[in-house]
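You will see two complexes here that share chain A, one where it goes with chain B and one where it goes with chain C.
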Partner chain A sequence: MAEFTQYVVSGLAVGSIYGLVALGFVLIFKSTDIFNFAQGDLVMVGAYLGFGAMDRLGMPFWAAAITALLVAALLGLGLQQVVFRPMLGNSLLTMVMITIALSLIIRGVVVIIFGPLDKTYPDQLPGGAMTVAGVTLSYVDLIIMGVAAVAIACFTVFFQFSKTGLQMRAIGENSEAAAVCGVNANRMFSVAIMVGTVTAAAGGLLLANLQIVSPQLSDIGLIAFPAAVLGGMHSIPGAVVGGLTIGVIGQLSAGYVDGTAANVTIYLVLLLVLLIRPTGIFGAREVVRV
Partner chain B sequence: MAQRSIMLTDYRRDGGLFQRRSSWVVVVVAVVGLLLVPAIFGDRYLFGHYFSNSEILGFGLPQINSALIAVVGAIALNVLVGFTGLVSLGHAAFLAVGACTAALAGTEWGWPLIPVLLLAGVVGILVGVVVGLPSLRLRGLYLMLATLALHFIMLYIFLRFQLKFFTPAGLPFNTASIGSFAVDTEKKWYWTLIVVLGLVLLGLRNLMKSRHGRSFIAARDHDIAASSLGMNVPRVRLASFAVSSFIVSVIGALYAYYLGHLSDTSFSLTLVIGYFAMVIIGGIGSTGGAVLGALLWTLLPQVLTFATTDVDPTTPVIGNMLTTYQGQTVSVVMGILIILILRFRPEGLISYWKAVVHACRRWPYSP
Partner chain C sequence: MALMSLAACGGGGGAGEGSAHDGVTDTTIKVGTISDRTGPTAANMEPWLHGVMTVVDEANDNGGVNGRKIDLKTEDDKYDGSLGLAAYKKLVSQDPVVAIVGVNTGDLQPIVAPLLDKDKVPVIGGQTSTKSLLKPLQKYFFGVSPDYSVQVDVMLAYGQQQTGKDQTRVAVVDNGTSTGVEVADLVKERNGKNGYNVVDSIVLPPDATTADAVVQKLMSDHVDQVAYHGNSTGVNLLLKAQQKFGAHFPIVGIAPSGTAASFAGIDPKFGKDFAFVQAVTPSAIKVAGTADMVKAADAAGYGDETTDPAYVTGYISGTVLVEGLKAAGKDLDRASLTDALEHLNVDTAGLSGPLSYSATKHAGLDAMRPYTWDYKSKSFIAAGEFSDYSDVITNEYTK
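Then we have the complex of A and B:
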C-alpha cells in the first residue's frame, strides 16, 4: 500500500507539471484553433532559458525563473506576430505543419546556442525529503505541486474574474461573435499564445529539477496531448485534471510494469477515452450542423 | 488562331491514361530523366563528361533510392490524408508492420522476395483495417490523436516482437532476390524501386478514376452527402486505410531489405512527422504533390548539408555554427522554408506545377 501511495504521490508531482503544460496547450487550442505540436519544445526552451540565466548570468534559481518566464512571454508574442498571425484561418493541417516546422527550428536553435551536451541546473530547488506515514515526500515534489497549484489557481482567477479573461473565453467560445462585440481578437490570440508559452516555460523550469536538461525534454509535449484529450480539448480545468491523471497512470505503470510501458499505458488510456468518450471528462458534446 | 482544349470532352479520354497529346511529352521527358539518373549519379559519366562531386551536389544513388522509398510512402499517406481526409499519424507503424513481416517470412522462413512483399501487403491491410476502426467514430484532430496512440502501442508491440524473436540490436534481413536476380547494387535497387513506384502510380491513378476512388473523395468532402448518395462511408474509410497501409507495408518491407537491418528506433515519431510534412508541403490531395514534397523533404537536407560542408570554420558569426552544428542548421533552414512555403503557397508545391501547366494550355492567352 505504501508503495502504491508512493507512486501516486510522485505521479501527482509529475502530473502537476503535465497539467501546467496541457493548460497552455488547451488555452492556445481553445482560442486560436492551433494544435500546437511545438508545446513540448516550448517546455524545453523554458528549461534552457532558466539554465542560460543561471549559467551565463550567474543568477540564483528564483531570479533565473522570473527571467526565463519574461523571455518566454516575449517569445510567445514574437511567435504570434511573426509566425501565427499571417497564417490564422488556414486549414487545421496547415497549422499543424507550421507548429511542426516551429519545433524543428526551436530544437535546432537551442542546440546551436547551448550545445548538444546534457545540462543540470547549477542552482536547484532545495533537496531533501520527509516521511509521512511511510511515504517519502521529497521537497522538490512538494514545491513543484505547490507552484503548479498556485500557477493554475492564478490562471483560473484570471479567466473567471478579469476582463481580459472574460474576453478570452468569449473568443474561445465563438471568435466571430466576440469580435462583433468589440473584443480585439488579435490581441486575445497574442495573450493566449503568450500565456501558453509562459505556462510551458514554467513547466520546463520545474521539470528541469526532476530531469536532466536536454533536447529530449520536449517529449513531454507528447504527454500534453493525452492530458488535454482526457480532460476535454476545450476545458481548462479538464487539462489540469487530465495532467494529474496521466501523471499518476504513468508512474503506476512505470512502477508496476516497467519503464518502457509508461508511455504505452498513457496512450492506451488516450485511445480508450477517444473511443468511449471523445469529448473527454469535462468536454461538452459538439453539435455539428449539416 | 488555334483552338486549345482546356476541358476534356468525352469520358473515354477522361478515363484514359494519356488524356492529351502533351501527356506524351511528359512521359518521354520522365523516361529520359529516369534513364539519365543512374548514369549521372551512379556512374558519374555521361557522353564522356565526368561529373564532379559539386556538379551533382554531393548526391549519389543511395540518397536517391532513399528518396524513392520516401516518395512511395508519401503517395500512400496522401491516399489517406489527402484523398479521404483521414489524418493518420500511424504511418511509421505500418512501415514497421511491413518490416516485421519481412523479417519473419524472409529471414526466418526463408521465403523469396515477391511472396514476402505480398504477405507484408496482406498483413498491412489487416492491421490497417484494425487501426482504421477509430476513424468510424472520430474525425480530424481526434482521429489524429487516436492514430498517434496506435503508433506508440504498435511500436511497443514491435519492440516486444523484436526482443522475442531477434536480438535487441534489431532485425536482420537477407539480400533481396527475385529468382536468380539478386537486388544487391544501388543501381539494381534504383530500377526495382522505379518499377514499384511506377506500379503504385499506375494503380492509384486507376483507382482514383474509378467508383471507389471517387467515393474516397466524396467521403472526404461531405460524409453525410456521400452516405445519402448510397455510399457506405465507414466501409469507404476502412478501404482507404486498407489501400494506404497495403502500399506502406510493402514499401516498409522493401525499405527493410534495402537497409538490411532495422530496429525499433528506425520508426520514430520523427519519421511519421516527416511523411506528414512531405504530403502537406507538396500539396494535400495530390499524388504529384506527394512526390514533390517527398523529394524536397529528403533531398534538400542533403543539398544543404553538402553546401555547408566546405564552409571555412573561421568565417565570422556563422562559420562555427555551420561546421559544428551542421545538422541543426539544416533543420532550422528546413523549418523556415516550410513556414515560408505554407505562408505564400498554402496549397503546396504542386500549385507551381499546376500554374505552369495551366499557362502552357492557355498559351498564347494571358495566364
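Then we have the complex of A and C:
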C-alpha cells in the first residue's frame, strides 16, 4: 500500500505542473477558440527565462521566477498582438497550422539564444525529504505542489470574483453577447493569452527544478493537451483535475508496468473517458437551439 | 597537430575523373557530418561536432590536406532515423562528399548499414557504434568509440566492483530506443556470468518527468547495481530519485550519459553513485596530447569544451578523417580514402587507448575506463587506467 501511495504522491507532484499548464491552455481555448500547439514551447520558454535570469543576471530563484513571469506576460501580449489577434476568425485548420509554426519558431529562437546544450538550475531550493506514514515526500515536490496549488487557487479566485475574470468567462461563453453587453473582447483576449503564457511559464519554472533545462521540455509541456481534454476543454477545474489524473496515471503505469506504458495508459484512459463523456470529465454538453 | 599517423600506406585508388563525383576538386574536399544538432541528444552531439570542426579548421589553417581545403557539410538528423537517412542520401548522391563522419544516432545506424556496400562511401564513426555496423564487418565503416558490448563489459565490471560483492543483483535501465534495447540485451546475455544476476530491465523514456517509480522498483527488487543507457537527463532524474528516497546503488552509464549536467543539482553523497564509461581523456586529466588539443580548441573557439569527453571523441573522429585524407594522397576519392583508412594507425597521444584499423579490424577504440565527477574541481576523474579494464572486455562484436 505504501508503494501505491508513493506512486500517487509522486504523480500528484508532477500532475500539479501539468494541471497548471493545462489551465493556461484551457483558458486560451475557452476565450479565443485557439488550440495553441505552442503551449508546450511556452513551458520551455519559462524554464529558459528562469535560467537566464539566474545564470546571466545572477538573480536568486524567487527573483528570477518573478522576472520570468513578467517577461512571459509581455511575451504573451506580444504574441496576442502579432500572431493571435490577426488569426481570430480564421478556420480551425489555419489556426492550428499557425500555432504549429509558432511552436517551431519559438524552439528555434531558444536554441539560437541559449544554444542546444543542457542547462541546469542552481541548487537553490531545499533538498532532502521527509517520511510520513511510510511515504517519502521530497521538499522540492512539496514546494512544487504548494506553489502550483496557490497559483491555481489565485487564478480560480481571479476568474470567479474579479471583474476581469467574470468578463473573460463571459467572452468564453459567448463572445458576441458579451461584446453587446460592453465587454471589450480584444482586451479580454489579450488578458487570456497573457495569463495562459504566464501559467505555461510557471509550469516551466517548476518543471526545471525536476528536469534538466533543454528544448525537450516543450515535449513534456505537451502533456497538458491530454490533461486539458480529459478534464474538459472548457473547464478550468477540469484542467487541474485532468493534470493531476495524468500525473498519477503516468507514475502508476511506470511503477507497475513499465516506463513506456505511461503514454499508452494515459491515452487509453483519455480514449475511454471521451467515449463515455465526449466533453471530458467536467465538460458540459453544449445545448444548441435549432 | 600532435596526433600523427604512424603507419599509413593508403592505396592509390583511382581519383582522376571520378573525383568530381566524390566531392573532391583541385582545391576542396567535401566531407559530410550527420549528428543530432537540435534534438534530444544535441547537448552531447554538439561538443562532438565541435571536436571534428576543430581538427578540420586546424588542417585548413595549415594549408589544407595535400593542397585542398576541407569543406565540412554538417547535417542535423534531430535524433530521427528518417531525417538521418535523408541526410545520408543527400551526402552520398545529391551533394556528394568523399566521406561521412558521424552517423551518430543509434537508430540511424541499422538503416545506413545495409547501404554502405552499395554506396561505397567511407563512414568514420562518432560516439556510438551499434552491432549493425560491426557484425559482420562493414568494409566502409570505421568506428571510433567502442561498441556497446565493450561498454557493457566495463559498466558491469565497475558497478560490481563498487558494490564489493562477488554476486550482484543487476538491473538495466534504458531509454527504450533501438540502442537501448541493444544494451539491455547485452546485459541480459551476461546473466549468470561473472556473478551478474540480472533481475530487472526497465525503460525510462527520454520524455520522463521523474524517475521516482523506477527507483522505487529498483529498491523493492533489492538491486545492487544498475547499468544505464540514456542521456544525462535520464541519469539526473535517477540520481534525484535516489536522493529523494535515500537509496544508494552504483549506476554506471554508457559513454554519452556522462556530462556535467548528469551531476547537476545532486548532493555529492548521491552524485558519487554515478559513473560512466569512456574511451577518451578529457582535458582536466593531463596527457601528452592535451596541450595541443586545448590550443587547437582555443583557436577554433571551443576552448571551454575540452573538458567534455564528447568533444575529445569528436577531436579523435576528426583526426582519423584528416589523417586518412593525408594518407589517401593526391588521387583522392572514396575508394582511395577507404583503402587508406583500412591501413591507418593513429597515435592519439594519450587522449585514448590505441587506435588502429586493418582489413579485419574496423571497430576503432576498444579500451575504456569509468569516470566520476569531482564536485570540488567540477571536472571528471578517471577510475584507473584504460589497461585496468582490458581483462573484462570480451569484444563480443568483433572477436
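The working rule: the second predicted complex is superposed on the first by the 284 of 290 C-alpha atoms of A that agree within 3 Å, B and C clash if a C-alpha of one lies under 4 Å from a C-alpha of the other, contacts with A are read in each partner's own complex, and residues count from 1 in each chain.
Convention: contacts are C-beta pairs under 8 Å (C-beta built on N, C-alpha and C of every residue); 3 or more make two chains touch, one makes a residue touch a chain.
Computed from a predicted model, the values in this text were never measured in an experiment.
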Between chain B (first) and chain C (second), which does A:Asp123 come into contact with in this model arrangement: first, second, both, or neither? second
State whether A:Glu3 touches chain B only (first), chain C only (second), both chains, or neither. second
Figure out whether A:Thr260 sits in contact with chain B (first) or chain C (second), or with both, or with neither. both
Looking at the overlay, what does A:Ser138 touch: chain B (first), chain C (second), both, or neither? second
Contacts for A:Ser214 in the overlay, against chain B (first) and chain C (second): which applies, first, second, both or neither? second
Touching A:Val111 in the superposition: chain B (first), chain C (second), both, neither? both
Could you say whether A:Ala185 touches chain B, chain C, both of them, or neither, answering first, second, both or neither? neither
Residues on chain A touched by both chain B and chain C 107-108, 111, 116, 260, 263
Quick one: in the complex, what on chain A touches chain C? 3, 6-7, 10, 13-14, 17, 107-108, 111, 115-121, 123, 127, 129, 136, 138, 141, 207, 210-212, 214-216, 219-220, 250-252, 254-255, 258-260, 262-263
Residues of chain A touching chain B in the complex: 35, 37, 83, 86-87, 90-94, 96-98, 100-105, 107-109, 111-112, 116, 222, 225-226, 229, 233, 260-261, 263-264, 267-268, 270-271, 274-275, 278, 290
Chain A partner, complex, touching residues on chain C are 37-38, 40, 42-43, 46-47, 176, 202-210, 212-214, 216-217, 220, 232-233, 236-237, 240, 243-246, 259, 261, 264-265, 267
Spell out the residues on chain B that touch chain A in their complex, using ranges where they run on. 81, 87, 134, 137-138, 140-142, 144-146, 148-150, 152-153, 156, 159, 224, 269, 273, 276-277, 280-281, 284, 321, 325, 328-332, 334-336, 338-339, 342-343, 346
